[in-house]
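In the part that follows, the structures are each spelled out as structure tokens.
Next, two complexes with subunit A in common: one pairs it with subunit B, the other with subunit C.
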Partner chain A sequence: MKPSLRPKFLVFLGILVWSLVIAGSAAAQQPLTIAIPTDPDSFDPHRSVAAATGEIAFNIYEGLVKAGPDGSIQPALSSQWDISDDGLTYTFQLRHAYFHDGSRVTSSDVVFSLNRLRDPDISQRAGEYGVIESVTGLDGAVTIQLQRPHGPFLASLAEVAAAVIPEDAENLAQEPVGTGPYTFVEWRPNQEVRLQRFEDHWADVSPHFSVVSFAIVPDDNAAILSLKSGQIDIIPRLDPSLAHQVLDDRSLQVIPGPMNLVQLMALNNQRPPFDDVRVRQALAKAVDREELIVGAAWGHGTALYSGLSPAMEVYYRVGLEAVHNRDLDAARELLRQAGQERLEFTLDLPAPYQIHVQTGEILAQQLAAIGVRVHLNIIEWGTWLERVYNQRDYEATIVGLAGRLDPHSVLIRYQSDSSRNFFNFNNETYDQLIDDAMQATEDDRVELYQQAQEILAHEAAGIFIMDPEQLAVMRSGLQGWYNYPVYVIDAASLYE
Partner chain B sequence: MKRSWNLWLGGFIILSMVVLVVVGFVYVPHDPLHIQVVQRLQNPSPVHWLGTDHMGRDMFSRIMVGGRVSLAVGGTAALIGLVVGVLLGALAGLRSGWWDQVLMRVADGLYAFPPFLLAILAVTLWDPSGMTAVIAITIGTVPAFMRLARNNVLSLREAPYVEAARALGAKETRVLFQHILPNMMRPLLVQASVSFAGAVLAEASLSYLGVGVQPPTPSWGRMLREAQGFAGLAPWVVLVPGAAIAWTVLGFNVLGDGLQKR
Partner chain C sequence: MRYVITKSGALLAAVWFTATLTFFALQVLPGDPAVLILGTEGDPAMLESLREQLGLSLPLGQRYWLWLVSVLQLDFGVSIRYSRPVSQLMASALPVTLFLAALAVTTALALAVPLGVYTSVGRANPMRAAIGLLTHLGMAMPSFWLGMLLIQWIAVERGWFPAGGFFRPSAAGWGMALRSLLLPALTLAIPRAAILTRMVRASMKQVLAEDYIRTARSKGVSRTRTYFLHALRNAGLNISTVAAIQMTQLLVGTIIVEQVFSLPGMGRLLLAAVLQRDLPLVQGLVVVGAAMIVSFHYVFDLLLGWLDPRIRFE
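Here is the complex of A and B:
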């Protein structure tokens, strides 16, 4: 009889609703898993050099200010700040905030962190913060005195390197302690970095996901399979050659955006024959960027002719493609003048980055057209960081230089005494331009940085190739993703 | 003769591959290294018999040239493994005692590791390259030959005809090369065939993992690795190198079976 079915139906309905509730709450406990291609190098914000570490550390550490999704400078540990009229004194009011170890953030922690950041014995980036004259702690505030006005200073404080760390911190490289929306839980090398929501974060809104796991998946194909099977939720920077595997999948969403990355073939400017500008210019004239963009990035990229991406808007110098038009005869002639008709060199390619490897393969063929023999040498990421970047023991390599908020931080890489100048580029005019720009007014800065880009293009400091599009792929239903103009992943903004 | 059909089949399969590779030294339809981005992932056609890969390179030409690596690695591993393994194994078997103990314990030690694991270890210690892979894979094949040779020597040296040769005053080397070796050729050839197949597979696996032969030199394993992302768009880019590896390995295994049965 029909009525007798009703109690059973109600029970069934009850179980269904109950299981949905359970499933719903269980889902919130599921970690959010984000795939990244390489293991972090060090979580000590002052010692790390890999952008891929900074993108995780962004969730753990905070500075006085931080980068916003649109490239603006947002308040972080400092709620508000004043800049003196002469541009020399910055006063930051500190927020009521806590470190992950439970201690209160004090002005002496900030003083300690900034002094450690500019200590050349400890910090990789000391040179870039050399403009700081002194840092003084006040009650609930910090004053930074500069040696000279420095336009990009505030932006440089938004970098992960300028994080505020506790004064008594030890072993930050392995166990970072910061103030960010996520606390560090564990790092299993070459497997995962696990973070947990920091309940005492100063922000009013707490992140949706309580546990975030960064899974180290060097192979993009494996990452896509894991994404499709639900083991991971997000691939922040998908290799564009594999986009076809996800574009038609309705359970996934692809969010494209400019990456603000400068992909280039870096040449060791100090090592013969690349110390001869004619050799570098010859290579610049032999490159077919269109083929590289189609071939390695499947069309998802913008050609670059100097060291700044068009994503940097007003600072970007338009029209530099004419400096070294593709001209194979002129390239051969330059090589002949330099006595390098039989040029051979080794091109180191970082294995986890397919786009760089494929760019290298195609570029080798393009250079063969002017009689240059390129030996491809695919190396692991750790080897790349140590030998190529830190020791500068290489001839040529292809890599992507991560974007920054301010053109200064991007262009200072090529200043002769910069710790990040692994190209060994050395040009007095260039050094002077970058120094001048630090003290210039905003309008003059635009002009000076444009001149700097012209020098990079003319001198062929490296062979600038493209800014590949960032393709963030994630399961549909996830919301709140931002493609930042800097190389970070913001896990705190995600929800579903 | 009916029993040896697999000898013929194995021989035919191997011959077909060898011919393909040898012809590749003289003639290839297209430059296997030439990248033509606009021609990428084309269907098999009269121009590109097996289509093109993600860089627009001709698959058929790449298979022909990539086969050099596979056959060279397989041949080197099987030949050197055979010569070194038989010499050491025979030494252990003939001398017995201290020599036997030391040599065979070393062989046991090597045997404990799968050859593939040894190869991975080698490319981690030294730079990954085709040469490292060849050396590592070859070393991995030696212990199997050593054991086989030693056991055969141990049983054959008691054989009446060997004792007869000794009684006639033949020297040890003469006994070994004239009387013992010829009588253990068949199991050794079977082992050589199996080792060849194993080495081809090991090289393909290493190249697939990206630690074997380095680009631009094509090899079947690396072709498979580079193509895997495009299997959905163009199935032949993974099917073709996969089939080449399978065909060759099958050939040597069938040949090994045939040699054993005869």
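Here is the complex of A and C:
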């Protein structure tokens, strides 16, 4: 008898249905698509704090000045400015510029924006701009009066938070209105943020791409696959451990640059035995940074010996690698002197950051060579922030501290009374240097910050490890990409 | 009627209980939204002012009460992470997840029923053995890995489907929307199909051993008619019960699959909300999710009673 059930027929039917779907429409004209891992939080520049917002908002908003690709301070809404000799009065000449809603940028908009920025009831960043005494506007110019000289002030005006917004702006969180090269079109959570070229931007050259889409792709592997399939054009920050998937692909290009991030093993300087400088120095002498860079960042990183990245070219103190040469015998001797031959401690590692976790795993092996036992404790990010960072309840941890345009914001962390000094580092000379630098002239600041870095290295405030490379991956043919030393994406400079 | 009322009461109680549990579970987790938003740039003064703004400085009991009152008014509040109304976020995410789940269930059933029936009838042969092996494989494969493989083989190398992201029907047309959901649906469907195939096979085997099947065959009823009309109908009760349970697990599975395929659905929203301690959003998603699952089972129970009069409810 002939079997009436025909599996082959069912298989054919299945294939037929699927191929009908496959033979769908051809891909429509696509905008320039940049993959980012998370959504922005709010487009109100004074309320937003998420890094993801800053990198998009850089294209929408502008302040009086802005960051250049090399970390320099470039003119933006102000074409030129003047700083009084006592460092207390900043006068900015305004440019002829328009907001995205078509209105002219006036000095009263600038006054409004800066006052809103330093209003603690509205702004998250009010504290950082507390040095401002007053802001006054007079036809086409704005004068900012400071309470005391503040070296990093100009750089702080280049932050996205110091954006100039129209005086009558409402609902900026969802409908930002700025003056930047791109206007906001829409933000669909977990999908994309879409921007369009602003035709009335003050710059002579307008951006090449008329539409830019920031696609939110949470998974790095998925982002690579989307890049290979042509669905996205750029991954601005690829995890170095995935670099091998793109380095041999000829249709793609990888542009490396320093990230201006300080990755370190932070030690709780107040908790025994890390309150003993010999113990910290012993650990500093036992670390093999090259091995960590190869093992955790696949070779994409620069070794660090103090608290500033070489990306901060002018301020970076060269030659500190000799302070604590790798010397296992000397390390053992220091531990012996400190009475810590059987040192054991717990190293907290923040789970979402693969690079820190891997660094910790390798570091634990390296320290075993001098008889130190490290207990690895991998914890979730929220837990890390609450317990390690805010409560300072930890022995040691590995984390990356993001750099800024000015060394002050990075180095002030190690000042003994800084609220961000979760290392509990305490050194009077250091405190004095940072205080002096705030009031000093530019040349003196360089000198003072270099001395500060020397102290951090000698005292082994933490075990400084590396500045991982920022790997921007994009389809070949795209040009004009810049890896900024701050967390922004400049879409306006791209062309093909 | 009495049954419907008590059942509805139990339904509401279940939703309330789940949501309350989530509310307090999130309080126990270290770190609050303010801590997570500020990250390593925060200091105590900033934390204080942000907590104030987010309404986190109120006592726990008061926050719970405020939340409960607003949920009863169907107001889920404003998401901390996305600074927009929770209801708006859910309204855009829910259709994606439902569309995906429906597609996945259809695909799973379309694969499982024919395969299950085929493997349950006739003698063992290499084809049937291979299907048996594949069901084991399908159940064992983690869906994030399966998803990656499908993206690599079908989307990147062949370019038949987008490698990720969702195309809205209103902007890209229904064809494109369907195409962007087919690979994730397949990823969700394969493990479910593997379990269902084995279920169909087991139920069919059991039914086929019954006397009335032999009677039907000896009366001269054709094989197809026996298998599909008589046997499958009786095995159907077991199959649909398992399928309903699978449906619930499917909603859980979307959390991973939406992440891998960058789909803007409920699962991805939930993951982001939990990681950011975005309490209003987590609460909204849990209430809606629990309500959906509980009412789905409720409707399914009623449906079973209607399908099979032997099942009676008191």
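Assorted remarks:
By our rule, the second predicted complex is superposed on the first by the 288 of 496 C-alpha atoms of A that agree within 3 Å, B and C clash if a C-alpha of one lies under 4 Å from a C-alpha of the other, contacts with A are read in each partner's own complex, and residues count from 1 in each chain.
The rule is short, and it goes like this: a residue touches a chain if its C-beta (ideal position, glycine included) is under 8 Å from a C-beta of that chain, and two chains touch if they have at least 3 such contacts.
Because the structure is predicted, anything quoted here is derived from the model rather than measured.
More residues of subunit A are in touch with C than with the other of subunit B and subunit C.
In the superposed model, A:A50 lies in contact with subunit C only, and not with subunit B. Contacts of A:D348 after superposition on the shared chain: neither subunit B nor subunit C is touched. Contacts of A:D406 after superposition on the shared chain: neither subunit B nor subunit C is touched.
Of the two partner chains placed by superposition, only subunit C is touched by A:S419; subunit B is not. Of the two partner chains, subunit C is the only one touched by A:L225; subunit B is not.
When the shared chain is aligned, subunit C comes close enough to touch A:G382, but subunit B does not.
Of the two partner chains, subunit C is the only one that A:I216 touches; subunit B does not reach it. Applying the stated contact rule after C-alpha superposition, one finds that A:E159 touches neither subunit B nor subunit C. Residues common to the contacts of subunit A with subunit B and with subunit C across the two structures: 221. Listed in rising order, the residues of subunit A touching subunit C in the complex are 3-5, 7, 10, 14, 18, 21-22, 24-25, 28, 38-39, 41-42, 44, 47, 49-51, 120, 124, 126-127, 173-174, 188-191, 215-219, 221-222, 225-226, 228-229, 231, 381-383, 385-387, 389-390, 399, 401-402, 419-420.
Residues of subunit A that touch subunit B in their complex: 220-221, 224, 239, 241-242, 244-245, 291, 294-295, 351, 357-358, 361-362, 364-365, 376-378. Of all the residues in subunit C, the ones that touch subunit A in their complex are 29-32, 35-47, 49-50, 81-84, 89, 92-93, 110-111, 114, 117-118, 121-122, 127, 148, 151-152, 155-156, 159-166, 172-173, 175-176, 178-179, 182, 222-224, 227, 259-265, 268-269, 272, 275, 277. Residues 33-35, 37-38, 40, 54-55, 128, 210, 214-216, 228-230, 232-233 of subunit B are the ones touching subunit A in the complex.
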